[in-house]
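In order of appearance the chains are A, B, C and D, and numbering begins at 1 in each one.
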Amino acid sequence: MADPEPVISSCSSREEENRCTFNQHTCPSEERLLEDQMRRKLKFFFMTPCEKFWTRGRKPWKLAMQVLKIAMVTIQLIFFGLSNQMVVAFKEENTIAFKHLFLKGYVDRDDTYAVYTQSDVYDRIVFAVNQYLQLRSISVGNHAYENKGAEQSAMAICWHFYKQGNICPGNDTFDVDPEVKTECFFVEPDEAVDTGTLEENKLNLTLDFHRLLTVELQFKLKAINLQTIRHHELPDCYDFTLTITFDNRAHSGRIKISLENDISIRECKDWHVSGSIQKNTRYMMIFDAFVLLTCLASLTLCARSVVRGLQLQQVGAAFS
Amino acid sequence: MADPEPVISSCSSREEENRCTFNQHTCPSEERLLEDQMRRKLKFFFMTPCEKFWTRGRKPWKLAMQVLKIAMVTIQLIFFGLSNQMVVAFKEENTIAFKHLFLKGYVDRDDTYAVYTQSDVYDRIVFAVNQYLQLRSISVGNHAYENKGAEQSAMAICWHFYKQGNICPGNDTFDVDPEVKTECFFVEPDEAVDTGTLEENKLNLTLDFHRLLTVELQFKLKAINLQTIRHHELPDCYDFTLTITFDNRAHSGRIKISLENDISIRECKDWHVSGSIQKNTRYMMIFDAFVLLTCLASLTLCARSVVRGLQLQQVGAAFS
Amino acid sequence: MADPEPVISSCSSREEENRCTFNQHTCPSEERLLEDQMRRKLKFFFMTPCEKFWTRGRKPWKLAMQVLKIAMVTIQLIFFGLSNQMVVAFKEENTIAFKHLFLKGYVDRDDTYAVYTQSDVYDRIVFAVNQYLQLRSISVGNHAYENKGAEQSAMAICWHFYKQGNICPGNDTFDVDPEVKTECFFVEPDEAVDTGTLEENKLNLTLDFHRLLTVELQFKLKAINLQTIRHHELPDCYDFTLTITFDNRAHSGRIKISLENDISIRECKDWHVSGSIQKNTRYMMIFDAFVLLTCLASLTLCARSVVRGLQLQQVGAAFS
Amino acid sequence: MADPEPVISSCSSREEENRCTFNQHTCPSEERLLEDQMRRKLKFFFMTPCEKFWTRGRKPWKLAMQVLKIAMVTIQLIFFGLSNQMVVAFKEENTIAFKHLFLKGYVDRDDTYAVYTQSDVYDRIVFAVNQYLQLRSISVGNHAYENKGAEQSAMAICWHFYKQGNICPGNDTFDVDPEVKTECFFVEPDEAVDTGTLEENKLNLTLDFHRLLTVELQFKLKAINLQTIRHHELPDCYDFTLTITFDNRAHSGRIKISLENDISIRECKDWHVSGSIQKNTRYMMIFDAFVLLTCLASLTLCARSVVRGLQLQQVGAAFS
């Protein structure tokens, strides 16, 4: 800080000292001595840690503290980034897994996933519902239904359609009420029958494709990101809100199917990890506390330096 | 318009006015006064709306009308572009859907769709015919056959072949009449039996592949682009003329199969939309009328300005 | 040709003429007149067709003939290129068709076509043989077996292997005779039984994969490129020599399968085309004759021009 | 080497000789003669082979030897590179073959090979084990099990899992011991029953997917790279250590499957190759011996040249 200035002032002050010794008969007044003392104080105030060490032998422990602070904050940042990257990767891998689980015949990186016949639409819906019902015996991940009190959360199957429609393209005539109506019903996973499947007739779903706009299958799944344990971090609990949309708004004969995966991350309610993880969490806490202390100390030193600077300014103003 | 010129002329006229006041004894003639008046008129005629407002306080309502006109025409253009884009997208999505419906085993973006064996050719033809016959129970779009009076339009199956041919590559001999003959027959969708399928032997089609040039399956489908309703526009009626071509002109052992989709868009004959769409159409009409009025007013003002300019020119010519 | 020079010489000669008229008393010698005549001849010899037309009114029919010649040769070249392009396209399409006919499960642009199990190797061989035997009822092209006298050409199935081999990788020991032996047998398509298929055991083929180097299936097919008829050209007869190679030379567990297609084009022996094609061939002949005549005429004119130039040179040499 | 210098010295020495003949009365001293001799020796020492040949007619056989040495070493290098390239290609082809043999449904260049359901995991494990057991009757390569004394090496199926885990994502609770345990069992290929397959229940494998981290299938295969025989080289024996990893560490519902292939190359223990290969190996040995001799001779010549140079330097130092 302000490296060249103090050097210059020290030079000039040294010259003045010389002049003082030469012209001893003109400057031995009381004021002159105070001014001299003041000048030395200022000079020391603006010195770099190095100069302070060379001139008075003072150890640069304040500088060391700053370096320490920077290193620790950087380490914290790297930990934070790594754990964040793991969250993003976990979300993406889950989305891919859900696409393979709930979309029949899905292949990776297929951006043209769609169906073109009525039977395929029913087939895909029944497939997704069945996969949902059998999830516990199918999925290889930590997926589970959401518990809502005593029972488990159901899958909502909703379809949106024009309220009333009589479309005859053969005669070039139509009679449509563009108001959109929505009908839903719910499929609940049965806790007792673990791997129950849905017969196709049981779904009892009949869609009027002329009026149909979209079919939406919405359900919630929960998961725990256990892999953080291996990095000695506490696992987080994830809520996935999945929406499978059959989009027929264009009525072009092509129903695009997409799967959206909304994610929310929360701390798990009740957890217990045996062995080493607690220790590591404690280490992380100690490290965090240490970072906090270092930052506080740095703040205090900065404040003291500012206060001293202001004091020097006031005293200096008295001279001028 | 002509911003710098009026300013210059105003300057020079001011100088002349000054000269007039200085040499009062030489210029109080009648003509001089008229010329002065003329000059002021010209000055005002070439002023910008801003200057007119600053010098005489006239509101720039003509400028405002121009800005309004530009804005309204731009909005009209955007509406037109959006509705056009919807038409193009609708056509492309329908073509993709038709390819998936009528071409067996078609996968997206397959530009090498072809067959290599005789049985595959019959298989693909029968598949396409059956899909056509079952269209109402298969398609998820608003597709329908074309009504021709009482009955529905049939699919034409035509094959083109050399009139007479006796090709023996084994002996390096051939006897060909290069005149091309065409034979067609028609498959009519039966209204009563909704999902009738075609047995393979029922088609009774035997192709002589040595003489065969092309097989063409041609049929018409109709559709209504309902999605415009959600944008508060009236749906259009579409006529698709589909041609599936089996191309054996090369006789190379590879029959390329392509699907062409010709489109024609017409206003629907008889339609009824409940609720909000009529209102919106009215709004669009009112908006269109308003644009018309604005354009007319702008035209009138332009004409008036031109007429005034000509009058000034004539008067000015009298002075010179 | 030599445009600027003649102009210059004409100028200078004109000057000399003027000098002649001025100094009449010094130049009326016989030699001078001959030289003058010579100069005029030279001038005319080096004139461009345009200048010849402007100075003496001679029609530039030699130039016209050159232009005609260039145009006709260009047209011939285009015809030649188009018919060549058709040959290349025919060969490539046939190769693709053969790959789909004889390689089981082949998909377009698959450069990793290979098998990895012993049963797959037998399966692919039997498939190719069966497709060959049923070719007439399978292929959609003008493919036929080669007739060799009374009977039809057979498919040769050859395998190359180390003469003697005892390879035990488990013990790190082997005993090999690197001499390569070849065994072949032939499968003949039966004319009587048109669509005979080969039972898998009938092939009676047992390969010792430890010693096996390659299996080659080689056969000849014939075809006639009929599509040239539509371009009013006579069809050519094609001989395809197909070689399907199962390459195990690496003994890496991966047998690459490739299909080579050697082509030879010949004129068909005996052909008859009714109707328009003869006429067109006659037109082509007339056109060719015309090109020949034009080229001959052009050659004659060139020769005459060269001869005249030499004569002029000799005469000119006499003067200098 | 040092081309310009000797030329210059020869020029200057010639001048000096001339001066000697001119001033015969001043230079007939003993020392002078020795110096002259010395100079000539130096001149010859720094001559290029060409100059030596032109001045004294000495054949440049040392140069020839250098050229020969370079050529031979280059040939050796090319042989070495080719045989190395064969090793790398053999390893890569084997890895591809193993992927096709042991990974069910693997297609070339599939970098997203993974499974998403529990039944698929068991299915892929059983498939890989069965393919391993039937290897001798499936593989088309020179693959064999490793012999360990009397019996053959087994496939190790190991799974790694959290020691204790009770994960309930539905309740946001978990109880995990992050210590990783490993359990293995071994499947031995039965020599007697050559193509024994594994019934799915026989494997008796039940995985707790909530706790599962990875499943590893590890086994050793041996092969002999016979194709080197065709290049007249002795085949090498290869040991492949294959590891198929089912990675569930992320617990995201997606188990990635990868196949690693570690390779070690050894000389085969006991081999016998009839016919030409021994001869060729002998030729290679003779060639190698010849290269060795050439290099030794080149070394000797170099050493001699250095020694002579040093001697000349010493003698030269005596003069100065």
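The rule we apply is simple: contacts are C-beta pairs under 8 Å (C-beta built on N, C-alpha and C of every residue); 3 or more make two chains touch, one makes a residue touch a chain.
Just so you know, these numbers come straight off a predicted model, no measurement behind them.
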Interface composition of copies subunit A and subunit B: same or different, split at half: different
For subunit C placed onto subunit D, the superposition rotation in degrees, Cα atoms, nearest 5: 90
Centroid distance [mean C-alpha coordinates] between subunit D and subunit A, Å: 47
Distance from subunit D to subunit B - Cα centre to Cα centre, in angstrom: 66
Overall pattern in which the protein chains touch one another (line/ring/star/complete/other): ring
In the complex, subunit A residues that touch subunit D: 89-90, 93-94, 96-98, 100-101, 108-109, 137-147, 152, 222-227, 229-230, 235, 237-238, 266, 268-277
Interfacial residue positions of subunit A with respect to subunit B in the complex: 112, 115-119, 121, 162-164, 167-179, 209-210, 212, 248-255
